[in-house]
Amino acid sequence: MIDKTVADVPAALADVEDGATVLIGGFGESGSPIELIHGLIDQGARELTVVSNNTGNGHVGLAALIQAKRVAKMVCSYPRSSHSKVFPELYRKGEIELELVPQGTLAERIRAGGAGIPAFFTPTAAGTVLAEGKEEREFDGRRYVMERAIRGDLALVRAEAGDRFGNLTFYKAGRNFGPIMCMAAKCAVVQVRRIVEAGELDPEEVVTPGIFVDRVVEVPEPAHESQLIAQGASYP
Amino acid sequence: MTERPNRLGLSRAQMAWRAAQDIPDGAYVNLGIGIPELVAAHVPEGREVVYHTENGILGFGDAPPPGEEDPDLINAGKKPVTLLPGAAFFHHADSFAMIRGGHIDYCILGAMQVAANGDIANWSTGAEGAIPAVGGAMDLVAGVRHVLVITEHTTREGEPKLLERCTYPLTAPGVVSRVFSSFGVIDVTPEGFLLKEIAPGVSLDQVAAATAAPIRAARDLKEVAAPAIEKEAAGA
Amino acid sequence: MIDKTVADVPAALADVEDGATVLIGGFGESGSPIELIHGLIDQGARELTVVSNNTGNGHVGLAALIQAKRVAKMVCSYPRSSHSKVFPELYRKGEIELELVPQGTLAERIRAGGAGIPAFFTPTAAGTVLAEGKEEREFDGRRYVMERAIRGDLALVRAEAGDRFGNLTFYKAGRNFGPIMCMAAKCAVVQVRRIVEAGELDPEEVVTPGIFVDRVVEVPEPAHESQLIAQGASYP
Amino acid sequence: MTERPNRLGLSRAQMAWRAAQDIPDGAYVNLGIGIPELVAAHVPEGREVVYHTENGILGFGDAPPPGEEDPDLINAGKKPVTLLPGAAFFHHADSFAMIRGGHIDYCILGAMQVAANGDIANWSTGAEGAIPAVGGAMDLVAGVRHVLVITEHTTREGEPKLLERCTYPLTAPGVVSRVFSSFGVIDVTPEGFLLKEIAPGVSLDQVAAATAAPIRAARDLKEVAAPAIEKEAAGA
């Protein structure tokens, strides 16, 4: 019998290796799988390449992972924000590498990784410094940049409901990078608010079919990053 | 983000009001962070506009009442929003398919610099030591059909923001069609900047002096018909 | 007010021009917008390029459009089937052009057209006759073929429910090419079984956001192609 | 599709049975049209397999009882199916992302020819005047992790189907890992065909004579342990 549900966060992350590429969902705190990120801190893997839209806030979640010096390289579109202190400090000291990618190109590269497309052309960034060193090419009189797919060893994603097959629904704009990151990772680990029985999710309303998901762990009351930050929390 | 003292020309709210007059009924619109966010409040009655945000919502509305914010119902500026009837959620690759695929009719953005050839710089000053961050800016200006800019006519230090050529790193070359500045409405034409409307109390000489590129006055130059608008709340 | 609903099929198709590229949804009869296809026959446009997975069955729907000599070229993956007589006959006589595209490449080319991606690389067909004349390239030791995006002037799609914004849900495997064809067409025309009030579709469950849809027409009881064929029907 | 009279070796159902033994618990599987469709009925009890069909379903089951067919609930062979708990619908681009992206574990296909280097030809004889049709065949063999073939060992005319090199146009080069033929189980190895299991009543000489390429017998060559299976209904 197929059963992708796992008992708890440590069981979901026991085998992460040093040097892994980790796709982490979320747009700021929205959709951020904060319990899984904390689980990854506990698990201890190092020298990670993390692909995520931002670099975390305060001293919890992704910022805490970076602060714990587990991340060698960030691939993201927007590495600073009002509550983001950890990444900028390490970056200025030269202790973390940054690959800056326009947000839509980041999303498309991840989707391409999941869809077996090794490279594609996009108008985004053509004629800018972010296209430097990349192949540019004209189609029908317009310039485009060739971008390569991104794949991850691991994806950490937050969703709403999941079943034993790994079928997922999401919650509002928390969906953001979740579905495409599940597609693009060798092992997609998803924290859901509710594990439901097989058949409970309407096949019409499944957002991410279970084929893209490897492990589902229930976290009924995920923490809100902004609340933790307001409380001055840090992890661990 | 408070209003500058003794400012010349249009207020931020008046710029937003003027930009809003250009949004036709039925348009799909993406509003940037800052002054552009004020545009929604000024779209003329009787016009229905659908707002898109990069993080995966079409059809959102105003901020919710205090206490009803949902961290998974936010816009790209990470501010809480509400949903209007007919809204939809989607993942990041689909969201940027809307942008890159030319499905969004208008984006209204702030800018650091706009050049007479339509180049725009709004993501980086290129300064040493700054944390580079691009977000969805490059995707928006490369993909949306009409790229409109709202900006003070000069920087806080009085430096021109409308230039012959941008000195900051480009967001995209040749994409801006119109600028709503504190001094008026400026079209980007094959012959460079064309002043279509001028702000009350501003002279042509003042516009020319504050613009670091030739700027012609349209033959049918009008005064901006902006109503007196109460100053918006700081940081609105 | 936005209202993409139109009164009837003729109104939805009044402006189709000769020479148009038409994306027609469906996998065999599943999801085939048969009333819209018949409407296109009535409307009279000629010299069409039709992009569709198959070439129709019997003498109704897509087969009837081909039989009426309206189609100059078919772009499809599987132009023959047990009930497909019309296309093979015209093809053997040299009266219709065929571009044969592997099914997944067809889907991806259409999705790329909708997403603003002009070209991409795929492993499908590398090293086969269907890659002849196409650019091939190696990434990480594997051969890939470069494929170009497909865009349509018109898409004809069948969906389940639609609202005045054009938001859509689909019915079972009738979904197939519908969502991506809506994305890739300048004018996406959709026949739905039910037009519903704005707000009636859960924003989480919208499959195709309205931004990709231009016209929605209600056809409460669409004909089943296989039933028509069993009855020996032909159109007109 | 009826059984050949006086056939040598395994029946169609026995070939399907033998292939089914290779499908592990939890596998995602795409079954081609014809003999491969019979595989599902023979997967050993206790193993749960999720079936994928190109037209956008994961998790479908057997045909429905007569009268309960739904033309929008069909497989890629356009035959009616039912849904199992945990099923999901998705559009064509997502469906082929599953295939091309390596998410499907096994595809089991018929073939016209298989070569000793793993090349497969199963879409066209290359004959003049034939209507070319490829469907999803090229995507499946290029994208799925394990490509398995079920085929009679020779054509109806007794011509070998296992060859040194394919003479028909390829579906893809070098992708087949194992063939279940009426004469046994043949692996494609770097050294060519390797007979792992032989059908009861078939001699090594008969296999060699019917194979147009060198075929070695495995050191641990076994007899196929296929049970006597009642002849399946014609055209099942």
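Order as written gives the chain letters A, B, C and D; numbering starts at 1 within each chain.
The rule we apply is simple: contacts are C-beta pairs under 8 Å (C-beta built on N, C-alpha and C of every residue); 3 or more make two chains touch, one makes a residue touch a chain.
Everything numeric in this text was worked out from a predicted model, so none of it was measured.
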item: Partner chains that chain A and chain D have in common; value: C
item: Each chain counted as touching chain A and chain B at once; value: C
item: Between B-C and C-D, the pair joined by more C-beta contacts; value: C-D
item: Distance between the centres, which are taken as Cα means, of chain D and chain C, whole angstrom; value: 30
item: Where chain B and chain C are represented by their mean Cα positions, the distance between them in whole Å; value: 37
item: CA centroid of chain B to CA centroid of chain D, Å; value: 57
item: Averaged-CA centre spacing for the pair chain C and chain A, given as whole angstrom; value: 34
item: Residues of chain C touching at least two other chains; value: 108, 111, 115-117, 122-123, 170-172, 203-204, 207
item: Residue list for chain D, restricted to those that touch at least two other chains; value: 57, 89-90, 93, 96, 99-100, 143
item: All pairs of touching chains, each written as two labels joined by a dash; value: A-B, A-C, A-D, B-C, C-D
item: For the chain C and chain D complex, residues of the former touching the latter; value: 27-31, 53, 77-81, 87-88, 91-92, 98, 100-105, 107-108, 110-111, 122-130, 170-180, 207, 224-226
item: Partner chain C, residues of chain D touching it in the complex; value: 53-57, 70-74, 76, 78, 89-93, 95-96, 99-100, 129, 131-139, 142-143, 169-173
item: List of chain C residues in touch with chain B within their complex; value: 1-2, 111, 113-117, 163-165, 167, 183, 197-199, 201, 203-204, 206, 209-212
item: Contact set on chain C toward chain A in their complex; value: 108, 112, 115-123, 139-140, 142, 144, 148, 169-172, 203-205, 207
item: Touch list for chain D against partner chain A, complex; value: 25-26, 28, 48, 50, 52, 57-59, 83, 85-90, 93-94, 96-104, 143
